[in-house]
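Note that chain A is present in both complexes that follow, paired respectively with chain B and with chain C.
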Partner chain A sequence: MTISFILNGEDVSLNARSYDRLADALREHFGLLGVKADCRRGVCGKCLILLDGRLAPSCLLPVFRVRGREVITIEGFSQTDEFADIMKGFAEAGLETCGFCDSGKILATAALLERQARPSAREILEEMASVPCRCTDPETMVKGVQAAAELKARRHYRRASQ
Partner chain B sequence: MRASEVYFPDSLPALLDLVRRMPDAVIYSGGTEILRGQSEPYARLPPEVISICGLSELRQVALTERFVEIGACVTIAEILELRENAVPELFALALRGIGTPALRSLATIGGNLASTSRFMDAWPALACLDALVELRDASGSRWVNVNRLAGSDGAPDFPAGNILVRLRLPLDRWDLVVLRKVGTRDYPSKDTAVFALATKAEKGILSEFRLAFAGQIALRLREIESKFIGRRLPLESKQRSAFAEEYHEAAADLSPRLRLQFGTLVDGVLDLLSR
Partner chain C sequence: MMEAERDAEGFSLSLTDISFEGMLHISTVRSPVARGRIRSVTPPRLPAGYRLILPSDIPGKNHILSFGAEVPILAAERASYRGEPVALVVGANPLVAAELARSTVVDCEEEEAVLSWESFSSEQVLSKRIAVMGDPDLAFSIAEETIEGTYRSGASEHLYSEPQGSVASFDYDKLGVWCATQWPYHVRDSVAIALGCKNEEVVVRPTRLGVHMDGKLWYPSLLSCHAAIAAYLVRKPSRIFLTREEDFLYSPKRARSSITLRAALDSTGRISAVDARVAVNVGAYGPLAEETLSQICLAAPGAYACPNLRVEGYAVTTNDPPMGAFGGLGASQAFFAAEATAALLAQESGEDPIDWKSRNVLRKGSLLITGEALKDEPPYEAIALRLAAASDFHRKYACYELVRKRRSGRADGPLRGIGFAFAYQGAGSFLTGDSPNSYTVEVSLEKDLTITIRTSAAACKPSVRAIWKRTAALLLDIPIDSVAVAPPDTDKAPNSGPVTLSRGVTVVNRLVEKACENIQKRRFRDPLPLTAKSVYRVPKPIRWENGRVEGSLFETASWGGAIVEVELDPWTLEPIPLSVWICVDGGLIVSRSHAESALRSGSADAIGLCVRERLDIASGAVTEEDYLSYGLMSPADLPPIHVELCETEKRPKSKGIGELPFDTIPPAFLAAVSQAAGTPFRELPVRPEDLSVVAEEA
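Let's look at the complex of A and B:
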């Protein structure tokens, strides 16, 4: 079956079988290697994407589930101003993620800041439960996300006042 | 591997027609429960799959002063993001206990209620709140109490050939709500259950007392509940002991671990009502 959807801002179509998982399709058909299918149970957080702006594990999505929807991977997200805010915020807080979880934590931060401009520590840690990698201590994680929130808010303020 | 046939109905009547023609087809909403236990590269799906997540009729949320109606394909994350007090606190507590935020953005409330193995997550809270569900089949639509999704033996028993269209939750004020998820992550098992409790009082008199739990079986003990109603607060110690005894008796068939947890919960609530 042919499934059409929006991938990183572009209309794409994919001839997929019912049993193909989105995580594998993104890697194999589109070469988006920032998506890593590891546990295939929606637990490890390495295959996270933004599906219509919400964080979702792509290993739990058969390709037919994204028909007509918008998918953003870390490759697409890295072209945005939000990505720059998050990277700068993480750096300011001294937050260094590892190669396994970095895309998941960045996208989780993006999804959270989209809903909540100034998230509390509890909200941040709850959102990060989607990426259970232990490379970062919770306190630094909170500082990093809050620094990113601050940078994003400032950028929006600057844009609004121009 | 053999590919499944996937159908994308574009309306509720089209969905009902597909269900009538293919009674063994699997209704695919969030799909988290279907794929959760599969770690192979390919998703194992039944020969016929009906994908319903794009059906707008199943994705509506309607809020009035007295109740909220939530479509079956609204995700858990979307429900939790509704404005404050849009859903009863007990229901929100139950939803927050489901998976991670990423899983909650795929999992739907209809899938949670219709799937035997996830039934326990939201059912106790909904049973406590006397929520209604709209079921539709080829013969028409009907509203039933969420209690009807459990059989007479308490086991989850979603009526075959029916589509869960939406649920309706009354927006009553509650004075005390408690939700406890106990046991291991590997459920359903005999040692895992969710308990939900809601009480309210008017002028110092207990006007509602509801307690439901679901594990391998789902129960709401209406007989004991009715004995609470009309009691003056705080409960006298004699009444407290009598109620505690009744609930401990009702829990006799649970596993030792659950019985202990259930007893602790009931004792804690009775202590609160006795102060």
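Let's look at the complex of A and C:
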């Protein structure tokens, strides 16, 4: 069957079988290697994408579920101002990731900041539970996300006041 | 040489992302039994383009070497653990190859598996260590008080950033191997032995390593041999990449240990003697048996001064999967036993644990297990003072004792406890199997005044690479942006040894320093470019001989302590960590924020080990149930972790600190739970069912 959807802002379509998972399609068909299909049971958070702006594990999603919807991977998200805010916020906090969970943590932060402009430490840690990894300590994670939130808020304020 | 993509710093991408045109995929046929004779391996009818690889197909030797142990690449006649690789299926489609491997019948004559290890037969002993210092028998005979207990540490899963795997591809006369490894030269040498070729004919290009928890020391070499043998036989790029489940079920875990400690107190209340008996279950083949056993035995007295000592250790082989390192090579298990014993002694004496431990802890001039006297004054007093002040330890400890004793039932609220532990981490700390003069770092000052550091240990974290760059930049007075670390490929970088035991900071950084000093001396005398090599020399290698251990335990050490406060849920009795305080003197701290972050994430992992990370491996194999239930603690459930760095030395050197959370937090947690429950525990994680005694009383 042919599935059409919006991928990183572009209309795309591909032929997929009913059991094809989105993570595999993104990697193999579109060459989007920022999506990693590690555990294949929706636990590790390395395959996270934004589906209509909400966080979703692409390793569990059949491709047909994204028909007509908008999918953003880390490659697409990296072109946005929000991405720059998050990267800068993480760097300011001294957050050093392992190079495998980055995309999940960045997209989880984006999804959280979309819902909650100034998240509390508790909200941040609960969101980050979707990307379990030994590489980052909770306090630095909280600082990084809060710094990103601050940068995003300032950018919005600047834009509104122009 | 065929090239895979590299990131901005010149490192190969993660293994998942490496792919070559026409690459074939390998799936492993595994032993269905834990012990037995392999009679035959019968594959189903193989489609065109698929091939079964048996031990007889291996062109070179069918084993890899790890610290003297031989591990078969493919089990030929005998299977020694459930899931051991017996044959490989290689073909174009990974799913088809996996199905063919699953359908291959391994006919075995099953024998009774040997799974007992705390009591063991002499045939099970792979390695033995005995060291006696002073006269422990006399000290025990005149002791005022003795105490004895057996402390067990269970197996744990590394849950590293990426499952294990390897890709091998020929290009002209050389074989390129891509894998995430802590030790690229070990992979190179192992593959060369398996293929029967020269070491130089194999080039290892390490891929991004991520968090490894010491789970990628030797196992990537085994998988690289699988990939290399397949590539050699089919003449096409070949890839083996374990699924997360396969990795969890069959890769090495932390070696389980049982340490029986007997300690004696003299009439002044000081420790006069310690007798330690160590048994480590290293599983089949014991690839890290020598090293793990040595590290545990060397740390057996913990952070305490003891003039009379006997340590007897055994590395015991079983039909469990090969077991080994986890966040260090076993020292944390020894500190766990020593600190738990010290906590009991403090409790027996009715003294505050910090006061008691501070009185008995190592001081300048204290005799170490090797017979040498400690050269530096450990800053334990300062550490204890800071921790006690930050956590309000003395008041809380006294209050919790009182509350528990006067408690009448659940209505009085939850039980609480607070525990404390000391530890040290040797800097320049040696793998005892190290051969001196073999680990090298090379630094070049180029004509355009840029610096290139070449080391095979470059798979370290970016923050560690930043430390090397900063060291070189400072010594040669060159902007840090002009310093680069070359890719750690074995044809470009010299062998700098394995990345473990904080060696990136304690060994490699010192070698960078030495090489830069050498360049600085020649800089204005010789023309550019200038290159200097510096070689790691163990001052006095550790030797176990004639009932003694000799050599240098460490050059210097980082010192640390931790306090953990817990609460027992009044209904479920689940121990809930409330707060963690850790204080470390780690010498020269180049980046305070990275050091604090490393200690906090180490502490989070250590708390996870205390609360939920446990594998029983009861029947000789990890089960699917273990896989589904095992996991990290949610960051939202972690307690606040307070980190303090104290610098007490006038001219501090860089030292490793990464192991200290694993050395200090588990015993502090155990002491806290023991205080809350009013019962000494000897094993972690303490589960609610272990607290049934408290439940009955409540």
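Convention: the second predicted complex is superposed on the first by the 162 of 162 C-alpha atoms of A that agree within 3 Å, B and C clash if a C-alpha of one lies under 4 Å from a C-alpha of the other, contacts with A are read in each partner's own complex, and residues count from 1 in each chain.
Keep this in mind: a contact is a pair of C-beta atoms (placed from the backbone, for glycine too) under 8 Å apart; a residue touches a chain by one contact, two chains touch by 3 or more.
What you see is a predicted model, and the numbers here were worked out from it, not measured in a lab.
With chain A as the common reference, the superposed partners chain B and chain C fit together side by side.
Of the two partner chains, chain B and chain C are each touched by A:Cys39. In the superposition on chain A, contact of A:Thr2 is made with neither chain B nor chain C.
With both structures placed on the common chain, the touch criterion links A:Pro57 to chain B but leaves chain C unconnected. After overlaying the two complexes on the shared chain, residue contacts for A:Glu126 are found with chain B and with chain C alike. Of the two partner chains placed around the shared chain by superposition, neither chain B nor chain C is touched by A:Ser161. Annotation: apex chain A, arms to chain B and chain C, angle 90° (C-alpha centres, rounded to a multiple of 10).
Once the two complexes are laid over each other on the shared chain, residue contacts for A:Glu139 go to chain C alone; chain B is not touched. Of the two partner chains, chain B is the only one touched by A:Ala108; chain C is not.
Closest C-alpha contact of chain B with chain C, superposed model: 5 Å. Contacts of chain A with chain B, set against its contacts with chain C after fitting on chain A, overlap at residues 39-40, 43, 126, 129.
Contacts from chain B toward chain A in the complex involve residues 1, 3-6, 8, 28, 31-32, 35-45, 49, 51, 53-54, 75, 77, 81, 99-103, 105-106. Those residues of chain C whose C-beta lies close enough to touch chain A in the complex are 13-14, 16-17, 159-163, 208, 210-211, 213, 243-245, 461-463, 591, 593-594, 597, 600-601, 603-605, 631-632, 634-636, 638, 640-641.
In the complex of the two chains, the chain A residues touching chain C come out as 33, 36, 38-40, 43-44, 94-96, 98-101, 122, 125-126, 128-129, 132-141. Those residues of chain A whose C-beta lies close enough to touch chain B in the complex are 1, 17-21, 24, 37, 39-43, 45, 48, 51, 54-57, 59-62, 64-65, 67-68, 108, 111, 115, 126-127, 129-130.
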